[in-house]
Amino acid sequence: MTSIADPEALIRSEDSNHPANLICSLCRNFYTHGWVTGTGGGISIRDRDEDHDHVFIAPSGVQKERMLPENMFVMDFSTKQYLRTPPALKPSACTPLFMAAFTKRGAGACIHTHSQAAVLCTLMSKGKTFSIANIEQIKAIPKPSTGGYMGYFDTLTIPIIENTAHEEDLKDSLEKAIEEYPETCAVLVRRHGVYVWGDTVWKAKTQCESLDYLFELAVKMWQLGLDPAGPITPVEE
Amino acid sequence: MTSIADPEALIRSEDSNHPANLICSLCRNFYTHGWVTGTGGGISIRDRDEDHDHVFIAPSGVQKERMLPENMFVMDFSTKQYLRTPPALKPSACTPLFMAAFTKRGAGACIHTHSQAAVLCTLMSKGKTFSIANIEQIKAIPKPSTGGYMGYFDTLTIPIIENTAHEEDLKDSLEKAIEEYPETCAVLVRRHGVYVWGDTVWKAKTQCESLDYLFELAVKMWQLGLDPAGPITPVEE
Amino acid sequence: MTSIADPEALIRSEDSNHPANLICSLCRNFYTHGWVTGTGGGISIRDRDEDHDHVFIAPSGVQKERMLPENMFVMDFSTKQYLRTPPALKPSACTPLFMAAFTKRGAGACIHTHSQAAVLCTLMSKGKTFSIANIEQIKAIPKPSTGGYMGYFDTLTIPIIENTAHEEDLKDSLEKAIEEYPETCAVLVRRHGVYVWGDTVWKAKTQCESLDYLFELAVKMWQLGLDPAGPITPVEE
Amino acid sequence: MTSIADPEALIRSEDSNHPANLICSLCRNFYTHGWVTGTGGGISIRDRDEDHDHVFIAPSGVQKERMLPENMFVMDFSTKQYLRTPPALKPSACTPLFMAAFTKRGAGACIHTHSQAAVLCTLMSKGKTFSIANIEQIKAIPKPSTGGYMGYFDTLTIPIIENTAHEEDLKDSLEKAIEEYPETCAVLVRRHGVYVWGDTVWKAKTQCESLDYLFELAVKMWQLGLDPAGPITPVEE
């Protein structure tokens, strides 16, 4: 393990925007959305500056709405060594997946949810992707090839990978999906949930909320016999 | 920019009903309703008094449940110049739409939501309007031609305008709908959301909540095979 | 108006269970349930003791989640005169209905909600009553003729009265329903909501929550093609 | 009654994780989930140490979101005598059911909810069990025969017992189900709710949340015409 003078200093801060504090307040928020029920799901933040490149990882098995800064793991991104390890806890099983978003996309944060709407979208979409088109909220999703965001008239397509017995075994197919869908900021996992990342923690949160909104809307559209990926129908006079 | 001695004084107040504080607390409230998911939607308050006529506008791209008074833009209504501009932020893309409600209707506040129920009502209503009839909550909606409110036996009709690629491009059709439907306090935007205004911030909030209640109820009625705009059926003995 | 030395003393108390404080905290709670959206619905508490018999009534048109003790009306039950009237406010339009529950049933509190589940139950029930049977939560509903509570194998029947243009015009039909259904602790109002009362404020709240739970469950049963009032089907081996 | 020097010391603690405090904060949490509506449902925690074996039981009929430590009953597990009895309250009618989980399974906590999703699962499942398969959240459910947890490819089966007129009469059939389904950590009660237990209070909570997530998901799957216990369908190319 990389030695560091005072590992506790990594997670102690009065600043509510410090990653160790932010993971706790965001997990409380995610809990109210039903995204991290039963200690499922999680979030990791990469804190990069001139003199450090740290990854903050929440522990496995802790009640998400009761998470505390002292529960956090801190990893040195370059050496992949833990700078701080809380006693009697294991890092989230999602860690290799979070790392894929940091490594393959240079993400600043990655969120994993067990959102029921996400799971239902993977059940209703029989193929390798979920699509939804012509909804204003799509404009919150980035389009890296342009440096900007998707347009209202665009069709949003999120890849779906098949679930595996062990979470860490998703790594290869997640990395493959990231490569095959260079525009995507998220990967759905069939019968499991979704991984969403962003350049910053706030972008990751905005994108995760916007995608979940679209997943929920799609489910309601299916319930009403509407096709989420269908065309805009002409206005009846 | 119109010069003002101390722009910070415009947004600093201990009064929880001061527009800069109220926008923050209302955005937290709206967030719990799912109206401003992923930094979508927003609210603008017009603060008129004998010696001033200011428009408070929330910034674009800020997490709605974490909004702070120092994030607020303040515009002088008569000159349309910003009296206060927070650093590194842009005013909400809805600003021209909010201004339409202030200019065309003399509104005291305008709320824009991405409510999923509103979006679903625009998908289920194939024509240029959404209608619902004979529900008590309709009585919360004003009827300007009478100076009073709608009645229980009235049919509420809200115009629907078509969405555009850029939010500011909605301005012309929103203004046209406001003119064509002189009784309406709201305009739905297809596949996007709704704009609701009122004489005061509290009336705007009451009307926005009541309309959203009616949108949600309509969606549940469709799910159960009922027609929201249908007549009252005779009571079976 | 009955004269009283210090009307303000009627609504000032450090006790969180004082009616003026309780109406505020319960209205915040009801708001989160979607029962009092858009300033609709309300609650009235009757505070009886050896030396007084007061009715606390929330004002009309105030945001329910922002209600304050100083907004409360206090009426002397025997004289029907207001002992305290907050400036610039009107008592809830539900007041005659609340009074019917106090007068006809000796209730200690009456709650009126615009619950969407209640409205949907009045739309799905074509006759003069709503019924649901064989659900554990029914046991929270009192059965006055026995001095106890309903049983699991009982069918709960709530009368439905037709809505009127003006809320106060519901009084006669509400009183008639109270008389015709001596066992009921609630009356549904078609396309409007529900009135629920109880011997104490806590019993009224428990009964209102339990009924709303049953209304919601009935709606979900209809969505799944199940009959809320149907018999228990034999268990398949 | 077993005599104890200071019964009040059993429920007074500054520690938020003390059972008397935890029952209160968890009941507030459960209330927001709609699990303990109308004072239904409840939780009991068994606090075992070298020198004591106490069962903390919430009272019957108290508003769950307003529960206080002084409302708690404390029972000595070995003698089944109450060490502390709050005045004017009765212990939860679920007490014999909670005791079954402590006695038959050595549970550290047992939660009883009236979750509507649980009730709907017992209505949609016509036989003696509810099943759901191939959903990630199933991995939060223990598999005692292996000392570990269920796998993603496993089918989760929860026994359903028939409801009775009186809650305490469920004891025999609950104990029978516990014996017949040695792998289960929960028993559904038809048209009533669910009992869930775990080795510790946190495991009981995680399992209760995870099961409720699965019950909700199953209901949504049925609404969309999907079979919760069906096989994983091949991916369409």
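Order of writing sets the labels: A, B, C and D. Residues in every chain begin at 1.
The criterion applied here is as follows: a residue touches a chain if its C-beta (ideal position, glycine included) is under 8 Å from a C-beta of that chain, and two chains touch if they have at least 3 such contacts.
Worth saying up front: this structure is predicted, and the values here are computed from it rather than measured.
Listing every chain that touches chain A and chain C alike gives B, D. Chain D is reached from chain C by a rotation of 90°, derived from superposing Cα atoms (nearest 5).
Interface residue usage between chain A and chain B, two copies of one sequence, is largely distinct: under half of the residue numbers at the contact are used by both copies. Between the CA-based centres of chain B and chain C the separation comes to 31 Å, rounded to the whole angstrom.
In chain C, the residues that touch at least two other chains are 223.
Taken as a contact graph, the chains are arranged in a single closed ring, with each chain touching exactly two others. Here the chains touching each other pair up as A-B, A-D, B-C, C-D. Residues 29, 134-137, 140, 151-153, 202, 205-207, 209-210, 212-213, 216-217, 220-221, 223-224, 226, 232-233, 235-237 of chain C are the ones that touch chain D when the two sit in their complex.
Those residues of chain D that touch chain C in the shared complex are 34, 37-40, 61, 63, 65, 114, 116, 119-120, 123-124, 126-128, 162-165, 189-193, 219, 222-223.
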